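Each of the next two complexes has chain A plus one other chain: chain B in the first, chain C in the second.
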Partner chain A sequence: MDNLIATGLIGISLGSQYALLALGFTLIFGILGVVNFAHGGFYVMGGYVAYYCSVVLGLPFPVAVLAATLATAALGWLFEMIILERVIEDHQATLMVTMGFYLVMATAILLLFGPESPEFSFPITGVWRAGGAYVPYANMVVIGVCLAAIVFVYWLIYRSGIGRAMRAMAEDRAVASALGMRTRALFPFAFALATGLAGLTGALVTPILALAPHVGDPVLAFSFLTVILGGLGSVAGATVAAFIVGMVEAYAAVYLGGSKGALALFVLVLLILVVRPQGLLGREVRRA
Partner chain B sequence: MALRAQRAAIGALLASVTFCDAGSACELKIGAPAVLSGPAAQWGIALRGALEFVAKETVQERRLVIGGTPCTVSVKAIDSKYTAEGAASAMNALAADGITVIVGPVGSPEVTGMKPVALRNRMVAMVNSFARDSIGPRWPNVFHIGPGPSGWAGPIIDEGRKHYDFSSVGIVAPNDQGGTDVAGVNADIFKKKGVGVVEEYYQRGTTNFAPIVTRVLRSNPGAIDLASSPAGDAGIIIKQLRQAGFAGPIFRLGGPGFEEIARVAGGIEVLKDFLWYEPVAMDESLRALEKKHQDLMGAPRPENADFFRWVFAARMMVKAAQAAQSIDKPQAIADAMRKLPVEDENIGKGYWIGQQFFGINQEMSYPFAIGQVRGGKVQDYIHAAAVKEN
Partner chain C sequence: MSNQASIRRLPQARRPALLGGYEWATLGLVGFAFAVPVLTRNPQILSQTNLILIAATAALGVYIMLRMDLMSFAVPAFMAIGGYTVAVLSLKLGVTDVILLGVAAFVMPALCAVPLGWLILRLKGVYFVLVTFVLTEIVQLLLFEATPLTGGSNGLVGMPAVTLFGIELMDNSQVLLTTAGLAFAGFTITALFTRYFRYEFTAIEKNDVLAESLGLACWRYKALAFSVAAGVSGLAGFALVNMLLTAHPTSFAPMSSVSYITYTIVGGKGAILGTLAGAALLVTATDLFALKGELSPGLFGLLIIVVTLVARGGVIGLAAKAAGRLRRASPAAPARVAPIAAVPARGVKS
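Up next, the complex of A and B:
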């Protein structure tokens, strides 16, 4: 029983990390129609900015996390404005541009910080225990931030004027522009919001796991998996899917083993997509 | 007449250029498929660093003189990405450049991928890898920079049992050849020593090991062995094992990388009780080698202690080329290598082993060291003698 509960808690921790990443990934697709292959790069960058601020500059960890969020958001804004905006209508070009940007980011980080992992630990190190179940306090912080981020993104997209404008542009960019919505300002804003979320996740999660220039690769793979399962572009779908993936990963790995567990996760996702090709909460056609 | 004289002059000029070039063209080209990206990059960087050092040392100290001509040594390292296909691709690129002398790669998947290319192109190679078939009669010109886990796991387990009481061990490793081969060898040795074994494998690329840790701890092992899990992975696993409440000793019978493991885990105190294979125990002779690297290269040696093993391996290859009086006849270099004694100026004497485990006597066995953290404090390395076959 203890194992069952402990595994569930691990699943929630995993799910919250995936949700933070998937939210940004799905926002970019939902609003801009772009599959952002550079998402893992922003995660890594967030980790390194937080590391630099907290370990090298000695700033308090929350300030470092804020700096990482702002830095990745700023870079995302610039990237959208200067590069992505020029090819935004060409889906293949956006794939190539974001993939290329990821390689540039990864190489730049490798050159600046080297290939080895620096010592970068979460400032809170304790573990909450009850019987055989346990949750590290650091994971609780991530879960809390994840919940706050979900609430914030929902409020922004569904309850604010900016969100309404972004959803209108996602529906039909030409009509939304004709009605006076400022595409040139809102697209970079949406992109910056998403990359800021990736940076925030990197700043919070890399000190719990590990920080290295390559840690964005699996992050991209899991974000993609989660978002496809939830339905490309669906914020609610990405959130639900993130926790499903986290739970399935945890229970499958604990009760089936590392190899069979990974297989079980992918088989489950495949089956869901056979039944619902548009994902759990996705729509069948996307017009923008 | 003037035209003929002009042609003759040009011909003479070209011939002199050709001869001059031939005179200085004694260059031993060493190719290295080396993992230079991803979590195992630290190992490939040590390999590349060692080769560049030996190349410079050879030239500066005129260690390779063929037919009275001092030779230069150049190194071409290509990222083999710790995969079989990456190593095969790197080897094909090296073969296309006419390189037939290979030092590297590091990991089992890479060695699996590179050996057919080495065989096809008649290359001589000095490889690492802890796989069960790293070398063998099928690849007569492939040598091994051992000892591998079959050699050193036993002494390290014995050292651990002196300090800790455990009757079972959980072995955690990646689920590819780089993990399963070493984990299998370690499991056999633990069992021979009367320790119960549970093996658990994870998908390479896993970033969060909390579920794997929970699964392993369900069998309530007295100790954990991380086998050949990459240093970055090993650091996370140890951190999560300690968070889960595991208090027993942790072995890493799969290669060096202690510094990175400690950094990722969050410090020495998190490791608590930890034993690992260390290629060398630092002494005056090896410190002199470190200083020589600093003087020659203008920078400290690569962090990973596998650097030393690769230095011994590269020097052995240069010695073999010298003995064979050839820079481009891999068969002659391999034949010469077999006749050379296993000995290096900085580590001392060793043995050729491998007949019993691999079926071919082409593994270099040098003395090694056992690293220990006990009660959160790093202990002095224990010197272990070179493993010898009967």
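Up next, the complex of A and C:
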């Protein structure tokens, strides 16, 4: 029973991380119509910036996390402005440049920091006990920050002027531009927001899980899973699906072992893509 | 009725030659690989040629699907099916004949691709990309999980050498001959297939809804192409397993599909020569700059971005453009249709 609860809490913790990654991913697809193959790269970069700031420069951890978020957002902004914007109308080209950018990012990190995982651990240690269930404080902090970030994203998208403009762009770009929404400012902003979220997740999670140049690959795969499950471009779908994926992964890891959980998820997603390409909660899919 | 018949005959009548200049050049170059073991004993050159041929054959899977504007990440999945089929046949059933194994390595993935294609070919664009990516991840996980058949994380090791008419093909140069044979088969199949259906594929590439409404059964060509692409990938898988003498899941990692896509795009997706040129250039560059493993992804990434932004036709597209400019610049040359123009460099979206 205790094991069941503890596993559930790990699932929630994983789910909240996936939610942040998937939210960014789905925002980019919903608003720009781009599948961001570089998403895992921004996650890794967030981890390394946080590591550099907190371990090498000795800054406090929250400052390092903030720096990681801002740095990844800034790079995302520049990438969108300089490279992605030129090919934004051609889905295959956007795919190629984001994929290429991911390879460049991963190699740059490898060159700068070397292939070994650096010594980078969460500054808060200790475990919270409730009955027989154990939850590390670090995971609780991650859950808290992730939930706060999710609430912020929801507020931004559904309650603010910028969010309204971005949703209008997602709905119909030509009409939205005709009504005065500024594509040239909003696209980089949306991209930067999404990559910033990936960087934030990386900064928070890599000290708990692992930090190495290649940890972005599984992140990309799981972002795909989550976003397809929830429906490409659907914000609510991504959030719900992230928690489903987190739970399945946590319970499968404890009770099934090996990669059976991941296998089950991938097969489920394959079937969903085929039967219901709009995903669980996606209503109207952007034309790909 | 007669109307329909004439529509069907029209493209047939206009097919002047099945294979164009690019195809002959490519097949000639691949065929030249048979001579490499005779010309040199340098193990470095032999293994380099081997790697290039395997990479190029694998990239053919991407090339075939790109002919219909579908970007496939499924190449490693079908390479794995081909490679493991060969490993299982030779280890568990004692089949070593290279021709039998080659046929199996083509047929098995091609058959697997039929139901899969039926499932996923209704998807287009981004969704097709995602579903092929997911498919490769599933195959990778299955290789680890289906231990009794695939050996799980240990892979299948200790394969006997393949034989041709009872002669063992064991040493470096003979392994290269096997690879060359498989690559030549793969390139011949691809060249004949993509040229025979070139009008159909071009129609689907340009606008499949329009093609469909004009009476072209798009799904049939897509399914056929998916199956052939899977079979050719299987041949590459066979060559890889034969070179390494083991079948291991890491040989078919999902991210390796990025490399095959890179070869095709950087070489030029407009002509079959592009996959060979891309594979030859990038595999050599990886080796030349001592970018073994670690740093080559960065180079690939940079090249992908540059090619996508400034030279959509890839290396072959650039070469064709340069050749065209040279021809126009020299007034002595008679104005004739260059063989190179038989296959226009595709990629620049109209």
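The rule we apply is simple: the second predicted complex is superposed on the first by the 271 of 288 C-alpha atoms of A that agree within 3 Å, B and C clash if a C-alpha of one lies under 4 Å from a C-alpha of the other, contacts with A are read in each partner's own complex, and residues count from 1 in each chain.
Keep this in mind: contacts are C-beta pairs under 8 Å (C-beta built on N, C-alpha and C of every residue); 3 or more make two chains touch, one makes a residue touch a chain.
None of these values were measured; they are calculated from a predicted model.
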item	value
Superposition on chain A - do chain B and chain C clash or fit	clash
Touched partner set for A:111, first chain B, second chain C, both or neither	second
Which of chain B and chain C A:257 touches, first, second, both or neither	first
First (chain B), second (chain C), both or neither touched by A:10	first
Which of chain B and chain C A:184 touches, first, second, both or neither	neither
Which superposed partner A:232 touches (first chain B, second chain C, both, neither)	second
First, second, both or neither for A:215, with chain B first and chain C second	first
Chain B versus chain C as contact partner of A:121, first or second or both or neither	first
Touching partner for A:129 - first (chain B), second (chain C), both, neither	first
Partner chain in contact with A:164 - chain B first, chain C second, else both or neither	neither
Overlapping segment of chain B (options 117-125, 135-143, 243-251 or 351-359) - the one that collides with chain C in the superposed model	117-125
Footprint overlap on chain A, where chain B in one structure and chain C in the other make contact	110, 115, 217, 221, 258-259, 262
Contacting residues of chain B [partner chain A, same complex]	36-39, 41-42, 45, 175, 200-203, 205-208, 210-212, 214-215, 218, 231-232, 235-236, 243-245, 260, 262-264, 266-267, 303
In the complex, chain C residues that touch chain A	69, 71, 119-120, 122-127, 129-131, 133-135, 137-138, 141-142, 144-145, 254-255, 258, 261, 265, 294-295, 297-305, 307-309, 349
Chain C partner contacts - residues on chain A that touch it in the complex	29, 35, 83, 86-87, 90-93, 95-97, 99-108, 110-111, 115, 217, 221, 224-225, 228, 232, 258-260, 262-263, 266-267, 269-270, 273-274, 277, 288
Complex contacts: residues of chain A adjacent to chain B	3, 6-7, 10, 13-14, 17, 110, 115-119, 121, 125, 127, 129, 134, 136, 209-210, 212, 214-215, 217-219, 221, 249-255, 257-259, 261-262
